[in-house]
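Next up, some structures in structure tokens.
Next, two complexes with subunit A in common: one pairs it with subunit B, the other with subunit C.
Up next is the complex of A and B:
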């Protein structure tokens, strides 16, 4: 039962992150995903300090605001300060993340957040943190509900905004020319990345969110030539990563989140070597 | 028509224009790129925008479509604001402006031409697919419907972009260097398609860099070098004097311009694939 809950949570996180990651890598914004996943930290802490509530909704709102602020700052430094995009990303998110770390350590007594947990997460605790209703009914792991709710939001977002997201990713100038707002869809996407990141935090931690955001979509990109297939392949890879990551961790008696991210990396390496169209091995053989 | 002693220019205005640009100034980082452009264009013509690199040719069409912010001036299309006219205008960006390794098929890209008409949340239907296929047929690419776009040649990519614009069924088309880096067969196919469109009353405005084909291709020409040098029927404004004014010292073969115009019946259409406009 616990194994199933952990694998399910891992899959849900990997699917949400992976689907959004497909858009990020095609927009050449993979590192913006990295930046957001770290920069939401002060948002979570500030939201907690202001409201005193540690419920998911408060944290998601705090993180969402900081996430969008992060992308805004990155663009602001890039456009107004003429700073290179990567430098702008580096300055923005390390600074915001550092503020989050200071806030946590300064208010350590009041904030029920652990720096290690924020950075590395601990998916093994998922089955222990239960959602118990006021009448005492045990509903199951709390994280499963938050990540599940976020997945539903992400699926609705991609399903209904499919063509707008597709077009603004492929050809933003043409999108603007026919009256589709690139800025609107950009900030909606960034908001979606922010809430996904914060919901995934507790499960896999900030650093490993990045792995799930980038590695499965990058693998799917090598394996497919069609965007819809890329999304579907990413979902399949996410489930595979979660499933095999869990059992490898059990076998090694190691970190589950670490094993999942390692599997994601190994799958990418295999696609890089053996992909039918673009794989290195195929190219060597053809030569 | 105005005539100044120091600045040579010749701007023909029309009644009931398809596009009216009024005192348009555009600048990037406070450096002006377009200075006080004021013109009107007639319906149903094939119109070329010509000028040296960095003359602001692409900027002119981009700012007319609201893709770059204008410092001053206003634009009217079909005697309407840009917002009202949006559904009637189409755009073919420079081919290099997108990533052709993007995981999309030819049909995926052409269907994008239908997105504006579909509105939010609606997916392309069979009617939209029929229109997209019809557009592909017009550019001779119907056999490539399922092909991934990374497998296309430069000329084929350009045809796909053109098919996407056609699928929009617009009335006014802006095209940014559609002939840049395409093979001779594609260039011929494109120009005959543009002629067909203008014969049906569509207005096509093309950023163009090849002076030698201007008189062959266009009905009306805009000569631009930051400021508007000339706008009018090709036979009236495509003159040595106005071209010299447009290109200044930048045209190395300045003395040959006159010859070019005379030699138009034997055009030399060799292209440099990497030529870009400003």
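Up next is the complex of A and C:
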């Protein structure tokens, strides 16, 4: 039962991240996603301090603000300060992440968070942290509900904004010509990435979430040219990553999130070598 | 306050060692980082930093001890491997570099974390302290470890000094370096090796996760103060050292705090101050310059409008109402009002009962602007063969920028023409 709950949470997180990651890597914003996932940390800690609990709503708001602030700062330093983009990203997210870690250390007694959780999450404890209603009814793992809710939001976002996201990703000039605001959809996507990072934070931590944002979509991208098929493949890969990551972690007695990231990397490596059409070994054999 | 003096008197030999260690670690990574920054490889540095973790863990698993030399070899190998993989993925697949960086960074880190958690649960007593690689602890660097890392830091600084010319060429003009016959591949290899080594020593101070800041932020801050690479390297080293010193002090007064984040916050603060306040490139300075130029353009346009009014019937010193000025050119009401006020206090305009008129200096300035405009229109039609009805907008911009030297050259080149392409007179004198 516990295993199922952990795998389910892992899959939900991997699917939400992967779906958004497809857009990120096609927009060449993979590193912005990386920056956001680091930079939401102070938002999470401050929300924690304000509410004194893992209150999901406050956290999502706190992290959402931080995520959009990060994108804004990166663009501000780049445009107004004429700082090159890579440096602008690097300076901004390390600064915010450092503040987050300091806040955790400074309020170690008051915040139920530690550096380990930041680094690789606490997905193994998901089944222990139950949502119990006031009448005493046990509803099941709390994290499962928060990540599930975020997945629903992401799915609605992608289903209803499919055309807009698709056009602003592949042909921004055409998109603005027919009246779609590229800036609006850019910030909406960044907001969605922030929310997902926060929801995934407890499960896999701030850094390994990047592996789930980038690795499955990158793998799917090597396997297909069709965007819809890429989204579907990413979902399948996410579930596979969660499932095998869990059992490898149990087998070797290590961090589940770490194992998930490792599996995601191995799957990418296999696609890179053997993908039909684009795999480099396949190319060599054909020659 | 006592601890402040105790620390900065450096009388305690332990404090001395810690300070020397932190200064060397931070300044050497800042110096190498300057070239990484100039080569626009800042995020690659981030990937190397994360990729070092599995190397550290693997060499610990294999050797079972925490000898710094073995850990450095492991870190060096996986750091290098990550760079090679990023290059291969970018070259051999349709994935872009940023995706390759993010992928390698997170997957290597994930593998590292996986190994680290296995080590932690294995019960090997000597593993304590391995997690200091994550957030850094400059103060715990003592004895043999300190000597090893100090030596590498010195090697880094000396290598940059020895190969300064080659590295600079590579950073600014790779193609020129090729034509000079320099072994560009070898220099690139050198820079990569130095970057990996800088990461390996830097993580002692700030840890794996924040190492990118140690490479990028001092250089980014230094870039705002100077155009000279030697000065930039010195500044980056000084900024890096300041943050290292602050980090050593903080880990002295608050031993439970992780040092890395504090060092990063200090260096980021220095960087933000530079971004905003540095003369020349700083954001505030730029905004101020933009405002000044905007005002200048606005004022010159007002003078030009008055001159145009004066041209009708050659009544240049006639009194004009606001409506008359606005009939010649559209102005924002507020911009017109403040511009007129400025022009009066600068002695270009007079105001009598709400009527505005030129002073002698004002007429001369308005006339010059009109002259430059028409000269430029003529130049564009004659020399660039642009149709006369397409030259106005361009001339409207350039008239505020042309210097007296260019003005003289234009006059000479066009042989002191009498009229512009629209047959308007070009005023001299």
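Note that in this section the second predicted complex is superposed on the first by the 283 of 287 C-alpha atoms of A that agree within 3 Å, B and C clash if a C-alpha of one lies under 4 Å from a C-alpha of the other, contacts with A are read in each partner's own complex, and residues count from 1 in each chain.
Operating definition for what follows: contacts are C-beta pairs under 8 Å (C-beta built on N, C-alpha and C of every residue); 3 or more make two chains touch, one makes a residue touch a chain.
All of these numbers come straight from a predicted model, not from anything done at the bench.
Enquirer: Assess the superposed three-chain arrangement around subunit A: do subunit B and subunit C clash, or do they fit?
Expert: Partners clash after overlay.
Enquirer: On subunit A, which partner's contacts cover more residues, subunit B's or subunit C's?
Expert: Counting residues of subunit A touched by each partner, the higher count goes to C.
Enquirer: Is A:221 touching the first partner subunit B, the second partner subunit C, both, or neither of them?
Expert: both
Enquirer: Please indicate which partner A:86 is in contact with in the superposed arrangement: first for subunit B, second for subunit C, both, or neither.
Expert: Touch partner of A:86: subunit C, not subunit B.
Enquirer: In the superposed arrangement, which partner chain does A:160 touch: subunit B (first), subunit C (second), both, or neither?
Expert: So A:160 only meets subunit B here.
Enquirer: In the superposed arrangement, does A:170 touch subunit B (first), subunit C (second), both or neither?
Expert: First partner only, subunit B.
Enquirer: Could you tell me if A:178 is touching subunit B, subunit C, both of them or neither one (first, second, both, neither)?
Expert: The answer is first: A:178 touches subunit B but not subunit C.
Enquirer: Kindly classify A:29 by the partners it touches after superposition: subunit B alone (first), subunit C alone (second), both, or neither?
Expert: In the superposed model, A:29 contacts subunit C only, not subunit B.
Enquirer: Which of the two partners, first being subunit B and second being subunit C, lies in contact with A:230: first, second, both, or neither?
Expert: It touches subunit B, and subunit C stays clear.
Enquirer: With the two structures laid over each other on chain A, which partner does A:49 touch: subunit B (first), subunit C (second), both, or neither?
Expert: It touches nothing on subunit B or subunit C.
Enquirer: Just one of 21-29, 381-389 or 399-407 in subunit C runs into subunit B once the structures are overlaid; which is it?
Expert: Stretch 381-389 of subunit C has C-alpha atoms clashing with subunit B.
Enquirer: Overlap of the subunit B and subunit C footprints on subunit A, residue-wise?
Expert: The answer is residues 221 of subunit A.
Enquirer: Please output the residues of subunit A touching subunit C within their complex, sorted ascending.
Expert: Listed in rising order, the residues are 25, 28-31, 33-34, 38, 77, 80-84, 86-87, 89-91, 94-95, 97-99, 101-102, 105-106, 108, 115, 119-120, 207-208, 210-211, 213-215, 218, 221-222, 249, 252-255, 257-262, 264-265, 268, 272, 278, 280.
Enquirer: State the interface residues of subunit A toward subunit B in the complex, per the touch definition above.
Expert: Of all residues in subunit A, those touching subunit B are 26, 160, 162-164, 166-167, 169-171, 173-180, 221, 224-227, 229-230.
Enquirer: Enumerate the contact residues on subunit C facing subunit A in the complex.
Expert: 37, 40-43, 45-46, 50, 89, 92-96, 98-99, 101-103, 105-118, 121, 134-135, 209-210, 212-213, 215-217, 219-220, 223-224, 256-258, 260-262, 264-265, 268, 271, 275, 281-283, 286-287
Enquirer: Which residues of subunit B touch subunit A in the complex?
Expert: It comes out as residues 62, 65-67, 86-87, 89-91, 93, 97-99, 102-105, 108-109, 112, 115-116, 118, 120-121, 123-124, 148, 150, 164, 168, 174.
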